[in-house]
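There are two complexes below, and they share chain A, which is joined by chain B in the first and by chain C in the second.
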Partner chain A sequence: MFGTFLKALLIILYATFVGFMFMGIIRKVTARIHRRIGPPIYQPIIDTIKFLSKKENITHGIIYDFGIIFALGATILALMFIPLGSISIMRAYGDLILITFLLEIPMLGIMFAAMSSGNPYAGIGAQRALLTLLAIQVPLGFAIVALAEFYGTFSTYEIVMAQQTSGWSIFHLPLLLAAIAYDIVLQAMFGKEPFDIMIAPGEISLGPMVEFGGKHMGILQIQHAMGLFAETLFFSNIFLGGAVITTFSSPILNTLATLAVLLVKQLAVLLIAIFVSTIFPRFTIDQAAKFYWKWPTIIAALGAILASL
Partner chain B sequence: MPAKVVGEEKVKKSPSFVKPWLGLKYLFKKPVTIKIPEEKIEPAPKYRGFHTLDWKKCVGCNFCGQICPARAIEMTWIEVDGKMEKRPHPKIDYGRCTFCQFCVDVCPTGALGFIESYILTTTGDEEELQLYDWVPIHPDKFKEIQDQYRDWRFPVEKIEVNEETREVTYYLRNGETFKFKIVGYGIRPPKPPTKPAPKKEEKKDSKQ
Partner chain C sequence: MVDWRLFEPLFNWARKKSLWIVSFCTGCGGIEMPPLMTSRYDIERFGIIPDPSPRQYDLFLITGYVTPKTLKRIIITYEMAPDPKWVLAHGSCPLNGGIYWDSYNAIKHLDKYIPVDVFIAGCMPRPEAVLDGIHKLMEMIENGEADGWKRYKENYEWYRKNQEELLGEGWREKEARKWIPWLMDKKKEVKE
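Then we have the complex of A and B:
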């Protein structure tokens, strides 16, 4: 019992730290593409510490506080279900549909908080976020169906184990199509540029985030960092073969090697997202909905059909 | 002759999903950034910065005060070492100055000049805000300080104004101090320099 608790705490700490590093990497790489130097890589940590140490906190009621905790909690819960190499708490129950669902819950939590603030910008942002959420469901569902169809199971851990023997998912044509669709969806889940409709800096002043400040914003930053970690981890688990390394004799070395391999795969996923986000401008909300229901859906559906043949 | 118009087919480009990826070509290039605290930039020669004033050349004609678009220049009667200057000198308020340097162009004797230094930062304290209101110092002095530090900052660290004796002290950056007295404002001279100073000032104030 205590061991499980300790393990969960370690996973949360690791995910938060790596997630903040990912946020730093996003800023650094974006800056390099713009020919700037950019902030140091640990900048998001400093930002979050500053947010958390603000003296004044504005609150608009219970739901406003609860929504943010809700978002953070959902992300942590999702993290518990995703297999992190050989270490995980509830990987036996790590269902594809459950994890996909849990990764979208945070957006709902932020919506709760934003809507209860009564700010019209937050309202518009929430509306856009919900439409994005609606739009990404279709290709996401097809991608999950393709995976489940191909491997004959919904369990993420079994999919990872199956890839140990049969090679990575993206080397099979139907799953490659699903991976492409999922990667496009990932752009919206990260809230990165072509589909950052819900935040839309400069268009609707920060959308749902417009009313947050102080500790609320700090918790949201932590949630964002963990979300980044969880989403990249999920993608590299189901499409890039995860990692369960047993080459060394010592279990600690094995675990460290597993984490390192996973980190490289997560970074690859993240870098593609950064590159796409730096070179493509933002879609309007109707364009995004049309886009998601057109190309990624077609690609993912094709993958699902091919997988079931 | 009809205006020359380039055909639309020549300027209109077709959208592309491939070309935006060329934007990644700077990823491994050296950033074009100047790291300001470590690196320095030289302002252009004759960059319009702070003013200099040769007190011996200034004839107090007030041309600068008349041309100043921001009305940042006020003529000031100054007493150095107990001797009042024969003519008023311009006092420049950097809270209003737009650094257009019209005053330098219009100065008939070339007494008013400018120099490349341009950085002046203070806190909001009343004492420090005195820095924004000064009678410029001699160009050679300014030049010397600028060449000594070369960080393009204001050459005066602190200006101390004594309200009672109307004595002004400039604490220059290289440790020197520079003292003078402001005995009056405006184009007309304050009443002939007689002994009872405070009375005379009050009178002049009420006149303006």
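Then we have the complex of A and C:
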């Protein structure tokens, strides 16, 4: 019992730290692409400390506070289900559908909070975010179906184990198609550029985030860091073969090697997202919905059909 | 309860290292903002990023002359932010009116209406000068001299009196109601 608790705490701490580093990497790499020097890589940590140390707080009621906590809690819960190499708490129940669902819940929490603030910009942002959320469901669903058809199981951990013997998912054609569709969807889940319609800095102020200041924003930063970690981890688990390394004799070395391999895979996923986001301008919301219901859906559906043949 | 005063040096360091700017461009100086943030004088090196929301900023740049009409928005934006917040006014216009010293429609001393922490002279100041001002502000934050937000709280009566002298009493309500008659009956004249 106590051991599980400790493990959960360690996973949360590790995810938060790595997530913050990912946020820093996003800003640093974006700056380098613009030929700037960019902030230090630990900048998001400083930002969060600053937000948490604000002397005043603005609140708009109970739902406004609760939505934030809800988002953070959902991210933590998602993190518990995703197998992190050989360490994870509830990997036996780590169902594909459950995890995809849990990774979208934080957005709903943020929506709750944003809508209860009564700011019209937040309202518009929430509507756009919900439409994006609706649009990405279709390719996402087909990608999940393709995976489940191919491996004959919904359990994420079993998929990781299957990839140990049969090679990474992206080396099989049907799953490669699913992975491409999922990667396009990931762009919207990160809130990165071609599909960052929900936040849309400059277009609708900050969308749902416009009213969050002080500690609320600090908690949202932590949530964002963990979300980044969880989404990249899930992608590398189901498509890039996860990592369960058993070459060393000592379990600690094995764990460290697993984490390192996973980190490299997560970074690869993240870097693709950054490169795409820095060179593409933003879609409008109707274009994004049409886009998601067209190309990624076709690709993922093709993958699903090929997988079931 | 934890005594947060112990952590104050850490917090001050973090505040100094991550000043977010609200994108509020007044006057000519608005044109000096993009060069500050793009590749040449990359201000993100110091952790400063522009942010369009008035709830999240720490640093408010007043980048030029301020008309009474803009001043209303500036005051509202200033009051919307949570507490440690700083104002940096650049250009001669917020300092003493600059070349608009005899204009009926530009305010002469910004410091009478909202507390300013750092002034930068120049018409308009080069990005290096702005960087210098921000550097000065960072030093002041570190040793606790930058206390505009505290002054605004302590001397609120004085600031409030000055604001109402200029903009007329109850300007917030008037400003909010200004467009209602126009929306109801478009032919009616808008009365300030």
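Everything that follows uses one rule, which is that the second predicted complex is superposed on the first by the 309 of 309 C-alpha atoms of A that agree within 3 Å, B and C clash if a C-alpha of one lies under 4 Å from a C-alpha of the other, contacts with A are read in each partner's own complex, and residues count from 1 in each chain.
Rule of thumb we're sticking to: contacts are C-beta pairs under 8 Å (C-beta built on N, C-alpha and C of every residue); 3 or more make two chains touch, one makes a residue touch a chain.
This one's a predicted model, so the numbers in the text were calculated from it and none came from an experiment.
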### Query
Thinking of the overlay built on chain A, is A:E158 touched by chain B (first), by chain C (second), by both, or by neither?
neither
#### Entry: Partner, of chain C and chain B, that touches more residues belonging to chain A
C
### Message
According to the stated criteria, A:T278 is in contact with first (chain B), second (chain C), both, or neither; which is it?
### Response
first
### Task
Classify the contacts of A:K54 with the two partner chains as first (chain B alone), second (chain C alone), both, or neither.
second
### Message
Just checking: does A:M217 make contact with chain B only, chain C only, both, or neither of them? Give me first, second, both or neither.
### Response
second
### Query
Taking the superposition as given, does A:V29 touch the first partner, chain B, the second, chain C, both, or neither?
first
#### Entry: Which of chain B and chain C A:M209 touches, first, second, both or neither
second
### Query
Where does A:P39 make contact in the superposed view: on chain B (first), on chain C (second), on both, or on neither?
second
### Message
Quick one: is A:E104 in contact with chain B, with chain C, with both, or with neither? Answer first, second, both or neither.
### Response
neither
#### Entry: Touched partner set for A:D65, first chain B, second chain C, both or neither
neither
### Query
Residue overlap on chain A between the chain B contact set and the chain C contact set?
31, 34-37
### Query
Of all residues in chain B, which touch chain A in the complex?
20-21, 23-24, 26-29, 31-33, 35
### Query
Touching chain B in the complex: which residues of chain A?
29, 31-37, 275, 278-280
### Query
Given the complex with chain A, which residues does chain C contribute to the contact?
4, 7, 10-11, 14-15, 17-18, 20, 23, 38-39, 42, 44-47, 49, 51-53, 55-56, 58, 81-84
### Query
Any idea which chain A residues touch chain C in the complex?
27, 31, 34-40, 43, 46-47, 49-51, 53-58, 201-202, 205-206, 209-214, 217
